[in-house]
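Below are two complexes that have chain A in common, paired first with chain B and then with chain C.
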Partner chain A sequence: MKKEDTVKLISAEGFEFVIDKKAAMVSQTIRNMLTSPGSFAESEHGEVTFPEISTTILEKICQYFYWSLQYASGKETEFHIEPELTLELIMAANYLDT
Partner chain B sequence: MGGACSRKRDQQVNEDNLNRGVSGRYTKSGSSKWLGTSFSRASMDPSQGKQSCPSLMDLCICKIREDLNKYSTFSMLPRDISQQIFDDLVCSQRLTDSVLEAFRDCALQDLNLGEYPGFNDSWMDIVSSQGSSLLSVDLSGSDVTDSGLIFLKDCKNLQALNFNYCDQISDKGLEQITGLSNLTTLSFKRNNLITAQGISSLSGLINLVKLDLERCPKIQGGLIHLKGLAKLESLNVNCCNCITDADMKALSGLTSLNSLQIASSKVTDNGVSFLRDLNKLALLNMEGCPVSAACLESLTALDALLFLNLSRCNLTDDGCEKFSKLQSLKVLNLGFNEISGAILVHLKGLTNLESLNLDSCRINDEGMVHLAGLSRLKCLELSDTEVGSSGLRHLSGRARARMTERASEKGLSKDNSKSQRSDCHTSGLLNLESLNLSFTVVTDGGLKKLSGLSSLKSLNLDARQITDAGLAVLTNLTGLTHLDLFGARITDSGTNYLKSFKNLRSLEICGGGLTDAGVKNIKDLTSLTLLNLSQNHHLTDKSLESISGLTQLVSLNVSNSRVTSAGLQHLKTLKNLKSLTLESCKVTAADIKKLQSSDLPNLVSFRPE
Partner chain C sequence: MSQPSRPKSPDDQTVMYIRVKRNKTTYFLQCVPSESILQVKEKLEELIDQPVNDQRLILMPNREVLDDSKSLADQKVENDAIIALTLRKDDNEFEEVNIIRPNDFYQSRETDGGSNW
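== the complex of A and B ==
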């Protein structure tokens, strides 16, 4: 992956997830952060930090991004959610508008 | 009268059924929402093709729904999330007493529990725990009693309350809500217990904007208590046959009123006179009231009046000249009155008219000329009148270049030149979208006059004298979406012409003249959502095979035919089907239930059942 096509999402614990920009843009919130003129830091460095989202949840969210792209391209599979993650995940999904 | 012959000829007032710009007979699904959508019928749109990708929110909500017993509370979630979960559980009918407990203190804003099975007083505690966050609650059709309403006292910010069809709420219940001063919308349709005493509890609800008391038979004399509701804009007392002229007097100062519905009440011309100062009134429904055209005098100053329903009022021609003063009117319903074509001249100047209903009036061709200049007309209802082919020419603007020639001749009499002028101005009703000619005397030849009305979307030709030849001359009306040929004598050869109507969404041919060969011609009309081929006794399972490609179908009726349960397999593809009628066929309810459970998840109503 070329650097220009990727973004870095950083969890509360400081764990860094480097993913395709296209995947990250599945989140409307991230899309806005990276494209709006006001969010200079994020769009300049291609990094977004989420101090309220834990590593496990952020990992799951990245999995969702890729699942969503796959679904849109026609490959419809099931997205599994561990029950103990559900409530935290729904809050993060709400925040990320995804 | 079997399921196939489900056409009602004489519909009573339905809730929300204020104008049948398209006749009730024509719209199969009951009431047309008259107000915002005077010109469209009940939506039959199926779910849109391919599913877009589920959001992570949706997936999580789905997961929560699966693991419901794991959650004792959702109060730690932000309110907009718990609201979404709540709405999902209502939709999927997974809400029970115990599940509901998880929503205590969630600060929810909207509780839409209308017709929810099992909703009773014991749930009201959870409702009230939403406290000052609660903005709207719908407890219609529930078993909630007067005591249940006590719980609403904690919801000071409540704006909308609906307890329609709650048989156990009485005047005492209304006493409990006197403190809800933020209420703007209140509705308790069809309540047999509430009296004027109960209405007096509403007198302090000064923020009320919309009040719906439809079908409350005991509220006579109660409207006097509404006198102080200066913000009231919409009042519905349809089918409250206890409402009298005195109640109208009580409303005379409510100058914010823009919508007033008093259908089937006892209001007379005298009562209507109290409405003369309601200068914001835009909608007035007096269907079935004992008024005459004399009441129009009271309405002439109301220059905001857009919608007027005077159907079934036993109007006669007397006094109808007053119609000419109601210049602002957009929608006028005069159906089922004893009026003749002589009054049509008084409608000539109502150039803002978009919808006109003359169903079952004694109208004939003479007088139709006066409608020719109503160029904004979109919807014209002429069912059960004596209008024929001659009358149609005025609608299509095909009158008479010949008159102009004669006018240029010398020795012209005064009368001739007048009629020349009126003919010259008729370009036809070029905006006409909906035309109902059922049970008129229009013939195949007359239909030719309609071929220029390319704006037509909806056409009702349910008349036995219409045949294949009539269809043949209409093929250029390619914009047609709704075609009702119920009793017309259409045979297989006529179905060839249907191929031109590629945008057709609704089709009814029930005259008995079709065979499987004719149904084959319909198989490419893939936009169809409603198809009624009942009473075509020759149709067999082969017809169902032809229909199997019409995957947008929401409603299908092939009753009174030779269809058997062996044919049901062809319907497996109709995933959008919600309603299936196969009465008087060799099909049992069990057969259909099987089809429903294995292949048609959306099927909710079917006959036989």
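== the complex of A and C ==
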């Protein structure tokens, strides 16, 4: 796995999540940030900061990206969401166009 | 009679990911159960610029130190597992497991439900 194939997502509290670009692009918002360089300052150096998304939510979203890739390739498993996360998760998913 | 099934290569079925954590960073790594711990460390080496010999991977929460020569499946590392990464310090010992957790996750709900509807 090469560094260039990964992107770092940073939460509101400054926690970092390093994931494959392929996984990150499950989000249309992130896909746009990464494929049109220059228009989004945060996407330089392959790092994107989300000051309005908390760490727990961002981690759940990363897990969702990978689950989504697995599901698309035929492995149909459940994606469990703790109830107390749902509201924030919906708002974040809306922002990320996921 | 029965529909022919699409031959699936072993990799399709068993691609998994693990979460390698150290301090405030989590690395999501894709892998397969038959991969060895050494191979996982080699992937990490590319990301963090630390040689495999200076890395120690520990399966959480039971804190089992993972063996380079064995595979993920051998050591019961499952999909989405959390693995702590510790690095060798200057004095040649490995650092302690240190994973910082955000304090916004409600672990228990004994106190008021906080509902303000």
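List of remarks:
Just so it is clear, the second predicted complex is superposed on the first by the 91 of 98 C-alpha atoms of A that agree within 3 Å, B and C clash if a C-alpha of one lies under 4 Å from a C-alpha of the other, contacts with A are read in each partner's own complex, and residues count from 1 in each chain.
Everything that follows uses one rule, which is that a contact is a pair of C-beta atoms (placed from the backbone, for glycine too) under 8 Å apart; a residue touches a chain by one contact, two chains touch by 3 or more.
In this text, all values refer to a predicted model and were calculated from it rather than measured experimentally.
Superposition of the two structures on chain A leaves chain B and chain C fitting side by side, clash-free. When the two structures are aligned on the shared chain, A:Ile81 is found in touch with chain B, with no touch to chain C. Using the contact criterion defined above for the overlaid structures, shared-chain residue A:Thr98 touches chain B, although it does not reach chain C.
If you stand at the C-alpha centre of chain A, chain B and chain C are 130 degrees apart, rounded to the nearest 10. Counting residues of chain A touched by each partner, chain B versus chain C, the larger count belongs to C. After overlaying the two complexes on the shared chain, residue contacts for A:Glu13 are found with chain C alone; chain B is out of touch.
Once the two complexes are overlaid on the shared chain, A:Ala72 sits against chain B while remaining clear of chain C. Contact with neither chain B nor chain C is seen for A:Glu47 once the two complexes are overlaid on the shared chain. For the pair chain B and chain C, the model built by superposing on chain A gives 6 Å as the shortest CA-CA distance. Residues 61, 64, 68, 71-72, 79, 81, 83, 86-87, 89-91, 93-94, 96, 98 of chain A are the ones that touch chain B when the two sit in their complex.
Every residue of chain B that touches chain A in the complex is listed here, in rising order: 52-57, 59-61, 63-64, 67, 70-71, 76-78, 80-81. Looking at the complex, you find that chain C touches chain A at residues 8, 12-13, 15-17, 24-30, 43, 46-47, 80, 100, 102, 104-106.
Within the complex formed with chain C, the residues of chain A that make contact are 1-3, 6, 11, 13-20, 23, 54-56, 59, 62-63, 66, 70, 73-75, 84.
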